[in-house]
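Each structure below is given as structure tokens.
Two complexes, one shared chain (subunit A), two partners (subunit B, subunit C).
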Partner chain A sequence: MDIQKKEEGSVAVLKLRGRLDLASGATLKEEIKALSSSELTLVHLNLEEVDFINSSGLGVLVSIMKEIRMQKGRLTLSNLASYVQEIFEITQLSHIFEIFTSEEEALNSYQSVGSN
Partner chain B sequence: MSVYKYEYLSVIESEDKMLSNLAHVLTKEGVENPERYGFMLAISEAFTNALLHGNRLDPTKKIWINLEIKSNSLKADIIDEGKGGIDQINKRKPSKLLDTNGRGVDLIEYYAAEYDISEYKNGGVKVSVTFDRDKETISK
Partner chain C sequence: MIDTNERVSSLLSLLQADDVLKREEAIKELAQYETDEAIAGLVIALEDADLGIRELAADTLVGKKSEVASCLLIKFLASEDINTRNLASEILMRIGTPAVNPLINEIDDDDHDVRKFIVDILGLIKDPKSVTAVASKLDDSNINVVCSAAEALGEIGAPQAINALIDSYHLKEDARLQIVEALGKIGDVSAISFLSDCLSSDDPMILYAAIEALGNLGQENSVKQLIPFLDSEDTSIAESAMYSIVNITECNKGKIDYDLPLDRFSGFLFEGVKNRDKKLTNFILSRLKHGYDNDLLRSLVEILHYVGEDELQEIVQILGGIGPTASDIILEQFDSASSELKIIYLNILKQYVNAEIVNYLIKYKNDSDPDVRRMIAQILGISGNTEAVATLLSMTQDKVGHVRSAAYGALGWLLSESEIDSLFKGLDDKYPDVREAVMGALVLVGSEKVVKKFTDDLYHQDLERQRLAVTALGLIGDNVVVDPLLQAINHPDSTIRKSALDSLAKIKDVQNISPLMLALDDENNSVRKSAISALVAIKGYEVIPQLTYLLEDSDIWVVYHLLTIIGNSNNKQYSSYLSPFLNSAEDIHKIIAVKGLSKLGCKEMIQDILLLQNNQNEDLDFAVADAIETLQGK
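So, the complex of A and B:
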């Protein structure tokens, strides 16, 4: 899996490409850990180019979300392919993740929260 | 009918290799979404179970995958060398929302038209999954 990183204001944006599974999930966890140690706890994951995710990948996302919430941060997701979105719905994880249609919409939500 | 047979070592890196081989076969055989995704997911879940729970990441143990691609169906057998795996599967508890594992078998049950789990007398669990190619697995 390939991970492209950028910062949009105080939000770390990671664009993932490829498969999110057992091995690549470990890589993603390391990336998030590195962000946390730099005190970047507002994290957005753009999944537009994730063409496969399995239960190991979902487990990694849950683990990341727990870690970020423990640090009073926030995790958002966007651009899920329909079949990826469906897995979130089957497992009911769509109820606990903040999922947006687009990256722009997700990033706007950080501004809204910040201005409240 | 096309038949493909693969053998993998029980190491983490095998998962990526297996998925790449599977994607290649499905492209070659013209299997497209939604059945492609469901089939890959079911095999991936069975493979992860074989890797972590069946063979317990023992690199001396193997995982075999046999694929049968027909015009109207897709079938896969995923076979490991572990012992007692079927008891673990049968005794599994429903996963909770914030659990980081335990969703694999539920996803196989959801996507596959048929699935069967059996254990050989001398050890080794076989998971068989079958998909209908003319049925929309995603919107089931």
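So, the complex of A and C:
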């Protein structure tokens, strides 16, 4: 899996490309851990180019979310492909994660809350 | 030209006909002529006895946007019939800019009512070129005209008239209210000093208008002058001052550095929020963003069910950001809240659910509203708190299906492999959506035990359970499901065979492709197509030569599917598989072969493709034209 990183204000934006499974999930977890150690706990994952995700990949996302919540951070997702969206619906993870249609919409939501 | 004049004359005569239909036809035809006579006819028709005719004439005149029509209509402003006067005013207003010059030309009419009408219409048209003419009417001998002129200048928003308005304030006592209101509407900062002086007026109406006007100007330094009025015994003055401060706050993007006695205005402010006043709602939100007190939070939490959808989302996020302070207040109010409000509260609590919230919500697992119970189940799952497991297990027995679904879903987020037997029971639920929710929860657990359960279920006595099992194995998607899915390619049910192949295509990491090769000869055409896709997904386009015997398949759609894949292969060597299909008996095969050859860049096939031009099939013609354009590099 390819991970492109950038920072938008106080939000770390990770654009994932490829397959999200156990092996690539471990890489993603390492990336998130590195962000946490630099006190970046506002994280957005753009899943536009994730074409496959399995239960291990979902498990990785859930554990990342738990980790970020423990640090009082926030995790958002955007641009879910229809296949990924379907899995989120079936597993009801769509109720747990904050999912936005686009990265822009997700980052705007940080702006409105971020100014509190 | 003679013909036109004659025709218009006869149409004008028809306007006198007894038959309404004839008059209607005459108007419709007059609308096509631009002569002054034709327009005059339409204007005359405004006095027709029939309302429909009058409205048709009015709409036609508006559509013409004509100065001639405007000149004629202005004459009607002196009509003694109020309906005619009003109709003429309305048409002139709707004609808009083309009516401005004719109106200005008549602004000094002897009749003060006509002058007033003209000024009113110019105010509604809001064309800046009328400002000088309208401002000249601030000196009119008739006070009603002066008041109208002030109002019109406010409507137009004419800063260049500010000095004239202020001069007139001192000369025309009876127009003072309209002048102050106009200065507020114009909203130009150059009036601030004058409006500040008006705050010392003894006339409560002027004072009220000046407070409102200063609010419209939006200057932060006016807040200091407005704050004393918050203590006014006259509630309307105090609330007007508060509203003006709200306006100024909005103009300054929510940032004003003054302490405000908001507690005294909470009734006024929150009544505004309840009535969906956007300004007041945004003001409250801005105060929350820049600091808050518990009273403000409590008042807001109590009225969330009145707030519009957009504002509510923002409030939910803000309260989520505030965290425990907001949750304490929400939990205080939760028990007495309506179901609608409880759901809003739960949406807020979901953002920072902690052990205390979990313990509190567990008490509401039997709430009378199933939507509340459903959300509680979800939040208990989101909490990640294993103390909620017992409650969620009891909620899997809820009498409402979607509550059971939510409870199972939440258990999927919480349970470890050793505890998942309780989830398996849900696969026997009487409702399919609950069974699907259980499947989703098990997919999330995704353990060896789950894979074994679904592998066994592939041969469950209930076909629906078999289908659920193959879907689940596909969604689990790890290497451990490959063998069960390969077995499922031999399943008696074709939908399961197809689903297994589709899942293997997504998983890709499949070493043993023999079962997939066998599936190429499956009796079911959909299975054969899925086998083709799966093999290409797993082995790449290099596998194509092993598939080409299916180009003689009995099913045209299997052939079509394979031709599509060949066309997408980006390997020109495979074009020889496509070219014979230019002579196929099936047009759809010709079309996909043409498209494929085009994608593979087979310029040498241009002449053969051109032979397919101008046949009876538009889709084929289009494909040929598109392919030729691509291959010729146009």
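Keep in mind that, in the parts below, the second predicted complex is superposed on the first by the 115 of 116 C-alpha atoms of A that agree within 3 Å, B and C clash if a C-alpha of one lies under 4 Å from a C-alpha of the other, contacts with A are read in each partner's own complex, and residues count from 1 in each chain.
In this text, contacts are C-beta pairs under 8 Å (C-beta built on N, C-alpha and C of every residue); 3 or more make two chains touch, one makes a residue touch a chain.
All of these numbers come straight from a predicted model, not from anything done at the bench.
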| item | value |
| --- | --- |
| Touched partner set for A:3, first subunit B, second subunit C, both or neither | neither |
| Touched partner set for A:14, first subunit B, second subunit C, both or neither | neither |
| Which of subunit B and subunit C A:60 touches, first, second, both or neither | first |
| Which superposed partner A:23 touches (first subunit B, second subunit C, both, neither) | first |
| Touched partner set for A:52, first subunit B, second subunit C, both or neither | both |
| Which of subunit B and subunit C A:90 touches, first, second, both or neither | both |
| Residues of subunit A contacting subunit B in one complex and subunit C in the other | 21-22, 52, 54-56, 58-59, 62, 66, 83, 87, 90-93, 95-96 |
| Contacting residues of subunit A [partner subunit B, same complex] | 19, 21-24, 52, 54-56, 58-60, 62-63, 66, 82-83, 86-87, 90-93, 95-96 |
| Complex contact set, residues of subunit B against subunit A | 12-13, 15-16, 19, 33-34, 37, 40-41, 44-45, 48, 51, 97-104, 106-107, 110, 138 |
| List of subunit A residues in touch with subunit C within their complex | 21-22, 52-59, 62, 66, 69, 83, 87, 89-93, 95-96, 109, 112-113, 115-116 |
| For the subunit C and subunit A complex, residues of the former touching the latter | 288-289, 314, 317-318, 320-322, 378, 381-382, 384, 405-406, 409-410, 412-413, 436-437, 439-441, 443-446, 475-478, 506-508 |
